Every structure is written in C-alpha cells, then in structure tokens.
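One chain, chain A, appears in both complexes that follow, with chain B as partner in the first and chain C in the second.
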Partner chain A sequence: MVFAQAPVPRDIGAFEWLADPDSWTGTNGILASLADTVVLCAIVVVVATITMVPLAAWLAHTRRGEVSVSWTVTLSRAIPTFAVAGLLVPISLRRGWGFEPWPIFIALLLLALPPIFLNTYTAIRQVDPGVVDAARATGYTETDVLFRVELALATSVILAGARVAAVTVVATEPIRAFLGGDGLGRYVRDGLGQNNDGLVIAGAILVAGLAGLTALTFRSIERFALPDGVRRLATNTTP
Partner chain B sequence: MTRLFAQAQNPIVRWEYFIDEWDQIQRALIEHLQLTMYAVIIGLVVSAGLSAIALRYRWALTPINGFTAFLYTIPSVALFGILVPYFGLSRLSAVLPLAAYTLLILVTNIVAGFNSVSSEVREAAIGMGMTPARRVLHVELPLAMPYIVTGLRIAVVSTVGLVTVAAIIGQGGLGGLILDGLRRAFWTPMTIGAVLSILLALALDGLILVAGRWLTPWEQRRKTAM
Partner chain C sequence: MSLTMVKKLLIPMVALAIVVTGCSSDDGDAVADGPTIQLRGQAFSEAVTIAEVYGQYLQAKGYDVEILTPAGFRTEAIDGLRDGELDLIVDYIGGSLTALAPDSPSSSNPDEVVAIIGPAYEEIGATLGDYSPAVDGDAFVVRGDSPANTISDVADLGYVFGASAQCFERPQCYLGYTDPAIYGITFSDTVTIEFGPLLGEALAAGEVDAVVWNTTAPQITEQGFKVLEDDQGLHPAQNIAPIISTEVLDAYGDQLLDDLNELSGMISTADLLAWNTETDIAKRESDDVASEWLEAEGVN
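Take a look at the complex of A and B:
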C-alpha cells in the first residue's frame, strides 16, 4: 500500500523533530494531523452524546431497561475496536465508500456509546426519589422533572461519562493510521515503517499528549459547566 | 491506489483460503493465545502483589489506583510504539503494555473481593486458630473468587482485543492477518482475523465463566436455593 510519508531523516531525535517548525506545518504536518484526529473524535463523541443521553434519560425516567445496564457494562470493556474496524474496511471499500471515515467512525462510536449511556442512566436512577416527588408536588410537569431536576442533578456524572468516552476514543483513534487512514497515529506508523525510532517516540508522545489533554479539558468543563443550583448545592455542603 | 480500488471488489471471504492457508491461520491463533496468556498471567501476578500492598496498607490504595488508572489511559499505539526503541519489535514490547492494561481492572476486583469478606467470617477464622496465611488462602481467597473471576473475564476479553493492535509492532497474531489482508487488499485474511479474534474473546470468556463456577460451587447452590 502506498502511504504518503513525511520525509524525515533517519536518525533524528524525537525532541529535535518535535521542535522543528517544519514538522508542524504543511499537509503532512502535525497540526493538520491533529485537526484530522480532533475533528473525527469530536464528531464521534457528539454523536454518541446526542443519541445516548436522551435514550438513557428516557429509559431511566420511565424506569425501563434495567437489563440493558448489565449488558452495557459487560460490552463496554470488551469491544475489539481494531477487529471491528478491520471487518468494516473491506465492506466499506466494496461499497465504494473508501477507507475513511466510515469503518473507523463506527468502530469508535461503539466505544463511545457505553460510558455515556451507563453514566446517564445510573445518574438519573440515583437521583433521590424524595426530591423528584417534591418537584412533582410543587407542580413540576414530567418534562420539568426530567430536565430541571433529574438531568440537572445528573449533570456531573453525565459529563464524567462523556470524559471517559472522549479519552477512550482519542486514545484508540491512532489505530486508524494502521487501517488505511491518517490522523495523529501516522507518525508512529511511519516511524515503525521506516525503522525510525525518533519518529516513533515523537508520535507516541503526541498521541499520549492529546489523550492527556482531552482528560484535562473535560475535567475543567466538569468544573465550570455545572448548573448554578447544583454548584451552589455542592459549595454549601462541602465545608 | 487505483490498483487498490480495483481490488476492492475482492470477495469478503474466499473460502479456499481456509484450506490453503490453514497453517497460517493456526499459527496466528496460537500466537494470539500465547500473547494473551503471557499478558494476563503477568498482569495477574503484578495485580496480586499490588492488591496485597493495598489491602495491608490502606493509604497505598489511592496511589495504586491512580497509577493503574493512568496506565489504562495511555493510548495503545503510543505504549507499543514507545517500547520499540528499547526492546525492539519483540514479544516483550507487546506483552508489557498488554499486561499494564490489565492492572486497573484486576486490582480493582481483587481488592473489592477481599473487602467483601465480612469481618465476622475473618474473626471466626482467627478464633479457630488459623494462621494468617491459611486464613487468606482457605477462607478469604475462595470468598473473593467471584469478584476475581469477573475481573479476570474482563481482563482476558479486553486483552484479546488489544493483542490485535500488537500486530502493528510485528507480533503476528490475528491482527497480523488483518494487517496482511489490508496490505495486499485481500479481504479474506482480514475478515478471518477480525472474526476469529471476536470469537476467541467470547470463547475464553465462556471458559473462565465455567471455570469460575467450578471453583465456587457454593455460589451456584446459593443462587438456586434463593
């Protein structure tokens, strides 16, 4: 297979390569690959969130789908993303959809769905029934109960689910470079292919760095995106 | 690239491949099993040690959890890649990350298992004059077994999935078939590698489930009694 490979000298040091501005610019540059990866991962997490949060919220609110939880727990750790994507590549190519983005998108989506579903479902189920009854008694409609009580109180746990999904997706996305695509994993692939240790290490640092950065970003979102009432509640109860 | 798209019309599975390349499939399957076993055994030994420390010294639990959770979030491509310059394209570069990924789930479940042993049972064992080693091996370990088996199942299943990724550093296995098929635009090995790795995960999961039931017969009796 012909991959477009960045021309990198054989015995360059990882940090030397990372410090070189030329490594960052251009069509094969780090910034372009980074954007490629971030866009795909963002779409995956957004799609997973807008499908799973409403589904799980509705199931939990109506006290349905208890069985789905144990299934999701088992599945969530067991999805062989590489195999799933590998299985989808030939199908996608035969249909003329190309290497990208469908196979890797679906494989990553399967990875992102379980944590978001699980966290939303359990968080809403764990809302104090007394609080829900109180809201109903004060005249909240069912929609109000769901949106202004249950979802509001579940926010931080739902965001934690989105964080787990995002970190897992970002950490797994680099396999795309080995399945006929590009993205940030390309430098590890090219380095391995060219027997260039410096490039492999630099690529690994980039991939791991992005995963770490994703976790940090979501943690700060979790801190600032809480509904006002919930935050006041949190600050009042913690001494 | 045009050649590739012409070959995109290759059938998903060419059944003769099973007969012609049976040796290769068999070898990939064995390599896959070996890598999984090495990783899980190393992971289990290290987890047992870490859990023992965490159970003996309570303050150590948080740092140990933090460390194993940190290892778990390192992208697999990065972890396989970073070891290659030091250990080469060797089995060690594949097994170390795989073992590292099992630690989080194994330590969590081993600790939860031993914590689930009620203090009455523990005191009864001490009261009967059991030595600490005997108490741990003959009373606490069997009672913790359902948790440990659950952790082991998840660890094995996710390791089987990750071993396919180890093919990127040339460790063969079923992921090797996937990469080989991709390289030649020949979909049969790709499909076989992917399907077999999923089936292998399910088979090992079932095997450990059965072994776990056999190890803890009283759990089954309790369930049917209820």
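Take a look at the complex of A and C:
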C-alpha cells in the first residue's frame, strides 16, 4: 500500500490550500488529523477531570494539605511540556511503546491537571461557610454537604477549570507532530520543514480555530450544566 | 562563559597590547587590511564545528573574523549571505543545489554540481571556493540485520520509512525512492521524524525500518546500522565548500581564496566523522574540537 504524500506546492496561499477539498480527505487530510487531535485531547481532559475533581473535592472538604497542595500546583505549572514529551520519547521507543501515544499523553496530562485541581479546590474552599453550617444544622450528612451543597455551588468554577485545561491542551497538542506523531500540528511541522509559509499559516489557523471552538463548546456546557437550584439562585440575585 | 572563551578573548587583547607597546616589531602574519569577516555556522553540530574550523583557521592566518552564534539552516545562511549580514558560510554543495536551483537535475558528480551552483552564487554576490574532499551525503540507513545491501533491494520489503519533513518533498529523497522510474520502493507507512538522534532511536526500536540520515552520523556505526548503496545514483554529491562574499574577497585579494581552498583540501570525510563523534558521542564543545584539529594539522 502506497501512502500518497504529494508535496504541497511551495507558493500556495494558506486559504487556497484550505479551500482545496483534496486537503481535507485521505490518510493525511485535515479531517483525519483533526480526529487524531480531538480524540487525544478528549481522553486527556476526561482523565484529568475524573482524577482531579474527586481528589481536590475531598482535600478541600476535609481541609487537608493546604500548603503542600498550593506548592505542588504552583510548581507543576512550571513544567515545560515540550521538554517532558521530548524526554519521554526515547524512553518510550526503547521500551517498545512507540512514538505515540504515551509520551504526548503524559505531557498533556501534566498540563491539564493543575487548572482542574486548582479550580475545584478553590471553588469548594470558597463556598460560604454559613451555607455549609446551615446544611449541617438541617441534618445533612457530610456526603450530602459535599455533593449537594459544596460541589453543586462549585459547578461553574469547576467547569471553568476544565475549559482552561481543554483549551490549553488543544493549543499545545500540535507539539506531537514534532515528536514523531501526527495530528493537526503536522501542517505547521511540514510547512516549517519544507519552507512553505502558506502551509504554516494554514496549520496555525486550524489549531487556533480548534482551540477557539473548544472554548465556545465549554462555554455552552457551562451554561446548561448548572444545577437547577444554582441557576435559580443566579437569576434571582441578578437584578 | 567557558574558560576557553575567556582565553580566546584574552589572548588577542594581550597580543594587541604587545603590538601597541612595541610598535616597531612587524614580523607577524602580514595580511592585507580588510573588513571583519562575519561567519555563522548552521545550527547542527557538524556545521558548528566546520564553522569553527574555518573561522579559527582564518584567525590564525591573521584575518579579522567574527564567528557568530550558530543559527538557522541552509535557507538562513544563504539569505544572510545575500543580504550582506554574513560574509562567509560553509555548505554542502548538493544542498546548495536544491536551495539555489531546485529544478536542476541532481548529480553524484561534484564537478557537475559546482558548475550549476558556482554561477548561482555569483548572482547573489558571492564566490564559491573549491570543494573539499570531505563529504557528508544523504545516507539510506537500515538496521544491521536487514537483508538489503542496495537501496533497490528495499523495493518489495514493505518497509516503514522515517525521515524529516524536508525529505518528503525532495526529488533526491522520498519522491525519488518512490518514483517507479528510479527506485520504485513501496513503503508500508511513513513517519515524519525530526532530523537527528531520534532517527536512530526510532530505527533501533523498530518503529521504522529505514531512515534517511547523513553519512557522517557517528550513531550509524555506534548502533550497528548499515548504509545501503545508492545504486541508482539518486543522492547528490555533498562535498563541503566555503562560500564567501565577493565584496569581502575583493577587499582582501586572492590570497584569502587561496587560504580557504588550502583548508578545504585538508579536511577529509574521516575528519567530519571524528568531529561528530567528539561533539555528539563524547559531548565536547565544537570550538575545542576545532582548535585541537587545527593544532594537529599544524595551523594554530
């Protein structure tokens, strides 16, 4: 099986290339690359959310490890994603795990964890103590307090954390193309390597477009996912 | 700042002080006055060492040379020469051919390549020096246990092919390997890998079965790979050659070109391999490797 990889003409304009239906189809087409990128990013954000939200919620509810938590999160934000992925690639190759997906998955996961953790932790810590006391006085169990009061009131901030994580991950995922992988970053990589400015610009537009679309999608999720009580509260307090 | 850099800065200063205080002594290297020669290597280890060798050699001959921090690749080097930002670059002639005359047929005969790029460099106000016997060409590399000995042997092995993004659009690379009129190889898949040590890692791990590397990559022997014979003569001749701004050359006169040609004649392919082993495997600094080589050759 021959993989058609016809070179893109060097003098092509970014929009001319984007408008060509042939650019979108095939194994190296935009649609296939887009699917690669979206699947990886979705898995990263989901894994980050299902691990970090319970951990942060429990730590915040029980008021545990405040100093160590804040330090860990601050330091983890200083991790250089490209360097992590770049260091992991040779290790992964030597173990026979290939270029993908482990190195890029781990690097992106490290990028996605802090915003989700931090938003969940902060949101639950900032729930009005009066509300929590009132709930306890009414006879709520600790589990009820966590799930029906604290997490419910924190929903929008937690979702905002997931949005920040998702947009960062989508905007960073293209480094995968520079580490033996493919995905939406391949056009920037090929354009840079082949001295093809049109292709670089088109690739950048695609990546930025997907990041923008991700932000919009999360905004609408944030609007519809609020618990009824919280939404009523929000509409009542807004004049 | 490394100690060698400090030394390099101090020695000319001390030398200058001696010359200034003892003005009458006039026995040093007598070289015609001319502008400072701005030299910059391309940003990969072999090119950095080559730039250091040419720069330190000219400095030893008494020329005023500034060796700039390595940056960019061929495109940036040629643009710098064209814009007057750089006065001296060193390139591989086959690479210059693809940059300056992409539509010209490539040739494994260096004289044929030079016949095309010489005039092309003149057009941008530069003069091509004699090419060196030192060659760092494209290498089609497979693992040591591959049954193939020539690139043609790979045609039906269903190999997975790995190379840098540049390779996939070049007639002397991927397009030539897959062209039925040349090699007609059917690869089962392709992987784009950043040019460098990652090529060897991917080959060793079995992620790919063949990569395009350069013949003087020390990892090829280090990791037990083999270079297949280019039986169809697809790879262009890749001797190294200096290219100097014609304006600077006129200021110094033909002696400068003679000096450059003498140096080019001294460098061999084995030297390139030895330098790369020092810088890439032993992780030594390019400027030290260059000055040691020049010393061994009796220049410094």
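Things worth noting here:
In the analysis below, the second predicted complex is superposed on the first by the 227 of 239 C-alpha atoms of A that agree within 3 Å, B and C clash if a C-alpha of one lies under 4 Å from a C-alpha of the other, contacts with A are read in each partner's own complex, and residues count from 1 in each chain.
One rule holds in what follows: a contact is a pair of C-beta atoms (placed from the backbone, for glycine too) under 8 Å apart; a residue touches a chain by one contact, two chains touch by 3 or more.
Every value quoted in this text rests on a predicted model; they were computed, and no experiment measured them.
When both complexes are superposed on chain A, chain B and chain C occupy overlapping space and clash.
Judged by the touch definition given at the top, the superposed model places A:I116 against neither chain B nor chain C. Looking at the shared chain after the overlay, A:R94 reaches both chain B and chain C. In the superposed model, A:V169 makes contact with neither chain B nor chain C.
Set against each other, chain B and chain C touch different numbers of residues in chain A, with B touching more. When the two structures are aligned on the shared chain, A:D190 is found in touch with chain C, with no touch to chain B. Of the two partner chains placed around the shared chain by superposition, chain B is the only one that A:A204 touches, whereas chain C remains out of contact. Looking at the shared chain after the overlay, A:T81 reaches chain B, while chain C stays out of its contact range.
When the shared chain is aligned, no partner comes close enough to touch A:A60: not chain B, not chain C.
In the superposition on chain A, A:A215 makes contact with chain B only, not with chain C.
Applying the stated contact rule after C-alpha superposition, one finds that A:G180 touches each of chain B and chain C. Of 73-81, 199-207 or 217-225, the chain C stretch that intrudes into chain B once chain A is superposed is 199-207 (criterion: clashing C-alpha atoms).
The interface of chain A with chain B overlaps its interface with chain C at residues 1-2, 89-90, 93-94, 96, 177-180, 189, 192. Of all residues in chain A, only 1-3, 5, 7-8, 89-90, 93-94, 96, 98-99, 177-180, 182, 186, 189-190, 192-195 touch chain C in the complex they form. Interface of chain B with chain A (complex): residues 1, 4-5, 8-10, 12, 73-79, 81-82, 84-85, 89, 105, 154, 157-158, 160-162, 164-165, 168-169, 174-175, 178-179, 181-183, 185, 187, 190-191, 193-195, 197-198, 201, 205. Chain A contributes residues 1-2, 74, 77-84, 86-87, 89-91, 93-94, 96, 167, 170-172, 174-175, 177-180, 185, 188-189, 191-192, 197, 200-201, 203-205, 207-208, 211-212, 215 to its touches with chain B in the complex. Listed in rising order, the residues of chain C touching chain A in the complex are 75, 162, 164-166, 168-169, 174-175, 178, 186-194, 198, 201-202, 204-207.
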